[in-house]
Each structure stands twice: as structure tokens, then as C-alpha cells.
Amino acid sequence: MSSEVYSYLYEKVLEEGALDIYTESIYMKKNRPSNKISILCNENDLEKFVELLLIETSTFGVRYHKYNRERLKRKFIKINTHYGDITVKLGYYKNKLIKATPEYEECKKIAKNKGIPLNQIFNIINCIINEEYKINLLT
Amino acid sequence: MSSEVYSYLYEKVLEEGALDIYTESIYMKKNRPSNKISILCNENDLEKFVELLLIETSTFGVRYHKYNRERLKRKFIKINTHYGDITVKLGYYKNKLIKATPEYEECKKIAKNKGIPLNQIFNIINCIINEEYKINLLT
Amino acid sequence: MSSEVYSYLYEKVLEEGALDIYTESIYMKKNRPSNKISILCNENDLEKFVELLLIETSTFGVRYHKYNRERLKRKFIKINTHYGDITVKLGYYKNKLIKATPEYEECKKIAKNKGIPLNQIFNIINCIINEEYKINLLT
Amino acid sequence: MSSEVYSYLYEKVLEEGALDIYTESIYMKKNRPSNKISILCNENDLEKFVELLLIETSTFGVRYHKYNRERLKRKFIKINTHYGDITVKLGYYKNKLIKATPEYEECKKIAKNKGIPLNQIFNIINCIINEEYKINLLT
Amino acid sequence: MSSEVYSYLYEKVLEEGALDIYTESIYMKKNRPSNKISILCNENDLEKFVELLLIETSTFGVRYHKYNRERLKRKFIKINTHYGDITVKLGYYKNKLIKATPEYEECKKIAKNKGIPLNQIFNIINCIINEEYKINLLT
Amino acid sequence: MSSEVYSYLYEKVLEEGALDIYTESIYMKKNRPSNKISILCNENDLEKFVELLLIETSTFGVRYHKYNRERLKRKFIKINTHYGDITVKLGYYKNKLIKATPEYEECKKIAKNKGIPLNQIFNIINCIINEEYKINLLT
């Protein structure tokens, strides 16, 4: 399968409502390097994604099974920085805030507009989050 | 485990009737790069392959579980090219032809005998298939 | 380094004129999985990219050296299909046409608009190319 | 997630009683290279390790499911070499001895103290094992 | 080569004064998954490491060549946190401070003693660094 | 590029006299997983292999440069086992024997004919070698 198909597949699969998609490099018989594509989706989307993989890729077979999943509850807030407001995803485990992640696409825009390294933007926002939420984060 | 054992294992596992075998590189504790071997087999061959892995590889344990699988129905035909007849595997999804793949080993022989790049042989055969089956493939 | 930085880096590096960029997963001391980033650039862009990597990534050092390179001469043509005109990149080795590749982004648009698998678009265009250029391709 | 966290995680997860831990490099949407962490644990430790992954890593979700496992029965013996006693792990399948592996950490100490390549220590011990247990190993 | 040898090799190579060591998974002829070991060392240590690889690993040949390298100038400082003093590595590019990284082993000890996630320790220290050095880091 | 081309390429490249060939999985822009092919050859074969890669694969460019190499001197001997004679490759560094490896293909034949695990054949032969050459190997 042409490597260009993967890029197209990632986009299409996410547009169709998959929860996640990733690839792993594998090695098959007869010295064939290949890629295993994994899609995580809701159970009622299963048939749709099996069909999509059979039609869009070179495979003749798709395997699937059911996983259990433990997810953090998510909440999206805006935090105020001197670069403007930035969306932050908060993650709660057993009703306790344990994680906060700034939205990548917004940080990227700032980095590009201001000419500041992206890592630094992440760092600054993490510090603001740390300051504002520290009671929850450290308890 | 010596890397030479993998080649032997691939051959042996396929001769014993496995549906597929592949490896993935993994990283274990104590900086040990290693390989995870996955075998896909019918349920009644399970014990045979568990035993084979325990005996032939350096592992002390084998994990397994059941997968569901959706496979294209397969049909093998011969198509006529000016290099001679070539076997083509057709794949049907819900009774509709959606995929056609020439047999690698036969194409390889032609490429070697005629001194033509293998990619080009694939291309030519794909065009003949496309021409002959286009009504099904594009509907 | 956050995995989100890679996506940003790929874009930035290509906008700045790199010829290519790719990553490989590597394993470092103390069980640290990491990624090696490789940039291919013209010699007079070297300092710019060394600086970019030092500033944008978490590394404290960048290695570089000179490679020789053999490249196909490239020519871009339009071919006419019943989906519209599509750009095709032709590759010449010692003045002989040996390779032809349709432009991915244009094929992707067609696949999305017409609801046809991308692999099939590639296939159809390859057949047209094969038909039109076969004298060159097979000599 | 910083690559330095993996090393810490490996140690912590094994101290907490996991049976195994390994990582695989994966590729996610938006050109993000990342790592999938897999932990093998007893069923009654499940909640502990799900919590550990949610708290210690950058992930917002953990997937899990039940595997069957076939393990060799293990017995540890001491074998006598002219470098001193070395522990060897024996593996039994259906009550038959099929595998013997010297303990890595003890061999490593000898290699370092005596200035002998580690591979050679392994080799010598394997030969002693082979000699002493050959009836079982070859039947 | 046994995967256990890698761990030993990493330790030995670093003790002998290598600047860095890492492995990459590669795939060789005859379906053999293997690992490429790369060592970065000063030129006058070359012979020592070539010999070490030939003696300690299963390889029959070692390739090497000269790289240029651009490195940040490094300075180590202590910063004061309410967990105690922590060493921070500062990186200067053209005499400007552009990077600061806390020492992993010290953070790990704190994380273990205080029962706080390692990621959080990193975060807090980064915020202190950010606060104290911001004039340099942002100019 | 179809994964089936790799197998063909490995064979062809080795038949044409390359010293080695291997692939590594890499990740390119636009979420394209791909493979980097590396060929090790003598300098006077360079043009032949550059041409082969340009013609047989989908690439539009090939990079190359010169490596230094330190190789063990090799000698092939026959050792006598109760399974018959087996070829063993000996490796000498500075005129000292430091390595001995049985030929894989011969061991594989024995393993298949006698129904003995391949790992065990390797082990037995290593012990014979160890016994016969121990003076050299351990000095």
C-alpha cells in the first residue's frame, strides 16, 4: 500500500468518528515490512470501520475485539495568558483534578505568530495552570 | 534469541498451518530490545502453536485470546498477459468484487526472467485487471 | 519532548526549505524510548536548521555531515482523466523516463469528492500513464 | 511525555508487582510519534495499574482486557562453575524440562569482575547445563 | 544476541566514556529482526569502542565515520525548591540561555520519597526555572 | 511501494554482490509510515546499486557516503557432530580467535530432519566449539 494512503486514512477515519487511530511497523513473512493499523471506535461504529479498512486499504482481512476502557472525565476551560485566551483540557479521576493539557492547535498558532518556540508556550501555560490549580493538583 | 531463529520460525509456523505470523519490536525492562511474535491461527490449532513457541523460542510464557475477523471471500483466477498466464486473487465484500491482487511469486519469476522491474510488472497486471473488471470495481 | 511538537516541527522545517524530514524510534540508556529526527537540506541552510533543532526541541546537541545524492530529473505534466486534469511527476534517469507518480493531494481531493477509494484513483491514473508512456517505460 | 518518565515507570510498575511491562513505538494522527505502554498483571491488580498509568503518564485513557496465558513451570537451581555458583531458571512444559536460563544479573557480575565478555559467560554456562541435563533436554 | 546483553553493553559503554549509545530495530535478509547499535564517542576512543563491539556482541563487522556536532554550552546550577535543592542543566547557544533541564535522578528520588508523580515534579521545577530566568528565556 | 517488493529487492541486491541490506521503519511528513533501505557495498559497485534502487523502488533520490569498516578476519572450518559435519565461521581480531558461529542453513536442515528445536542445535554446536577452542577463546 502506498504510504500516501495512510495520511488520507487518518483523516477519513477521524472524520467518520473514530476515537483514535495509530499505526505500528510490523514484519511479515518473506521479509515484508508492513504496518498494522489500529482503530479505536464505539461498538456501534464497528461495521463502518471494518468496511472502510477493507475498501480503502490493501488488506483481505480485519480483526477486532472488545476492550474495556477507563477514561478521565474531561472538562474544557479557557485560561487567560498575555498571549490571549487558551483552551485547556482538564482530566478528573474519581472527581479529583489530576491532569491539565493546553490545546495544541491554539498554542501552535501563537508560536507561529509570535515567533516563540512551541515548547516554551507549553511551558508557560503549564506554569499558569500549576499556579491556579495547585491545590487540586498537589493534594 | 538469535535473530536467525525468526526466519526458521516463520517457515515452520506457516508450514504447520498458521494463518499469519508477524513480529513487532518492543522494549522491555533493563534496556532490552526484543521482539513480540504474533501468530494468527484457527482455534483448534491453538495448543499446537503455544507448544511450538514454548519449545522453539526463548520465552517462558505465551499469551493468547480470541479475535473476531471479517475476511473478504477469495477467488483465484488466471489472467492472460503477454508474459503468460498469471494467477490473481480476487476479494469479494458482500458479494461485490472490491479487490484484485496478482500473485507475488509468479510476478517475481517474470521480473527476474525478463529483466523488468517488479513494480512495473505489478503495474501492468493491475491495468489489465482494471480494464477487464472495471464495471465491478467502480460501481 | 511532547509528541505534539513533532507535527509542528515537520511543518516548520518544510516551510523553511528543507528537502526532507523524517523520524526513527530509538532506544537510549535508562530505558528511554525516544525519536531521532533527520533533516535533509542544502549545505547553505545547515546553520539555520541546526539552530532550529536546538531551539525547538529538547536536545542539547545536533550532529550533521555531508551526503552525496543521486536524484532523478523531474518534470511535471498534466494528464487528462475523466475526473479532470491531474498533475503527474515524471522521473528521468540518464535521460530515460523511468518513473511517474500522480500528485497525492489532487488524487485525495477526487477520492473525497467522488467517494471512490484513494487506492483506486492511483490505480486508474497509473494505467493511463502506463498506456501513454509505455514505449519509454518498457524500453 | 518526557522520555525520562519511562525509566521511572518501568521501575515503579515492577516494584508494584506487575508481571511484565514493555513499550512499542506507534504513530498517531498529526505526525505524532509516540509509545504504547503495555503492562501484564494479575487481575486483582488491575485497578492499581490503571490508576498508576492515569496519574503518572500524560494519557487520558487506559484500555485493558483479559488474556489467557500458558506458562512454563519454573524451578531455580544452583549450578557449580569455576567462577562460583550461578542460579539457573529451569522451565518445565507438561512435566518435561525444556528450557534453562542462567540469571542475567549474576552473569553480569562475573563478566565485570573477571573481564570476560558476557556472551561468553552465557555460553559456558549453557554448555554446563547442556552437559548435566542433556537426557531431559534431548528426549 | 541475547537481549540481556544490551543492558550490560549500555552500562559498559557509558562507563568507558562514550558520549551516547542508542539502538534502532532493523530488519535484515531472511526475515531476521535485529538491532543496530550506535555509539557516539570522541575520536581518540574510536579503537576502544570498535574492539568492545567486536568482542561483546555477535557482530563480525563495525562501521564508523566522523560527524560534525553543534552542542549547547552547558552549566550546572542548583535551584531551591521546597523539596530541597535540585541540579538544573542550563544550555547556552551563542551565549544566550535557551534551555534548562532538571536532573532526572534527583527528581526521581523526590517523586519516590514524597509519593508525587514524576511529571508533576518536572512541571513544578520548570515553573521555578521559568520564573527565575524568564528575561533570558524570552528575549 | 508494495511490501512484496522488499523481499524481491533483498534477494536481488544480495545476488548482485552487496555486502549487506537492511530496512528501518521511518515516519515522514503527512503521517506517512515508510521504510529506509540501507545497502552496504564495495565502492566500485556504488553506481550499480544506486541505479537498482532508482529503478526498482518508488524513490526519486538515493543518498550515499563512505564508511570505514573494521571486520574480523574470517575462516570457515568443519566441525564434527553426531548429526554430521557442520560449517563454522571463525572470527579473528588481531590474529586472535574471538568468535565462532555455526552456519544457519545447515543447522536449520538438521533441526527440520531430526525434529529438534533450532535453538538446541545452536547450543550443542556452541558447546562443541567451546570445548575444542577454549584455549583461544578464553585467553
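Order of writing sets the labels: A, B, C, D, E and F. Residues in every chain begin at 1.
One rule holds for everything that comes next: a residue touches a chain if its C-beta (ideal position, glycine included) is under 8 Å from a C-beta of that chain, and two chains touch if they have at least 3 such contacts.
Quick caveat, the model's predicted, so the values are computed rather than measured.
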Those chains which touch subunit F and also touch subunit A: B, C, D, E
Chain whose average C-alpha position is farthest from subunit D's own: C
Candidate from A-C, A-F or B-C with the same interface as B-E, over half of contact pairs in common: A-F
Chain pair showing more contacts of the two, B-D and D-E: B-D
Superposing rotation of subunit A relative to subunit C, computed on C-alpha atoms, to nearest 5°: 180
Interface numbering overlap (same over half, different under half) for subunit E and subunit F: different
Inter-centroid spacing, subunit B versus subunit A (mean Cα positions, whole Å): 31
Distance between the centres, which are taken as Cα means, of subunit D and subunit C, whole angstrom: 40
Junction residues of subunit C - those touching two or more other chains: 1-2, 4, 7, 10, 23-25, 27-31, 33-34, 55, 58, 65, 104
Overall pattern in which the protein chains touch one another (line/ring/star/complete/other): complete
In the complex with subunit C, residue positions of subunit A that touch it: 1-2, 4-5, 7-8, 12, 55-58, 104, 108, 111-112, 117-119, 122
Touch list for subunit B against partner subunit C, complex: 27, 29-31, 33, 116, 120, 123-124, 126-127, 130-131, 137-138
Residue ranges of subunit B touching subunit E (in the complex, touch as defined): 1-4, 6-7, 10, 23, 25, 28, 30-35, 58
Residues on subunit A engaged by subunit B in the complex (per definition of touch): 24-30, 34, 36, 50-51, 54-55, 58, 60-65
Touching residues on subunit C, where the partner in the complex is subunit F: 10, 14, 20-25, 40, 65-72, 74, 89, 91, 93, 98-99, 101, 104
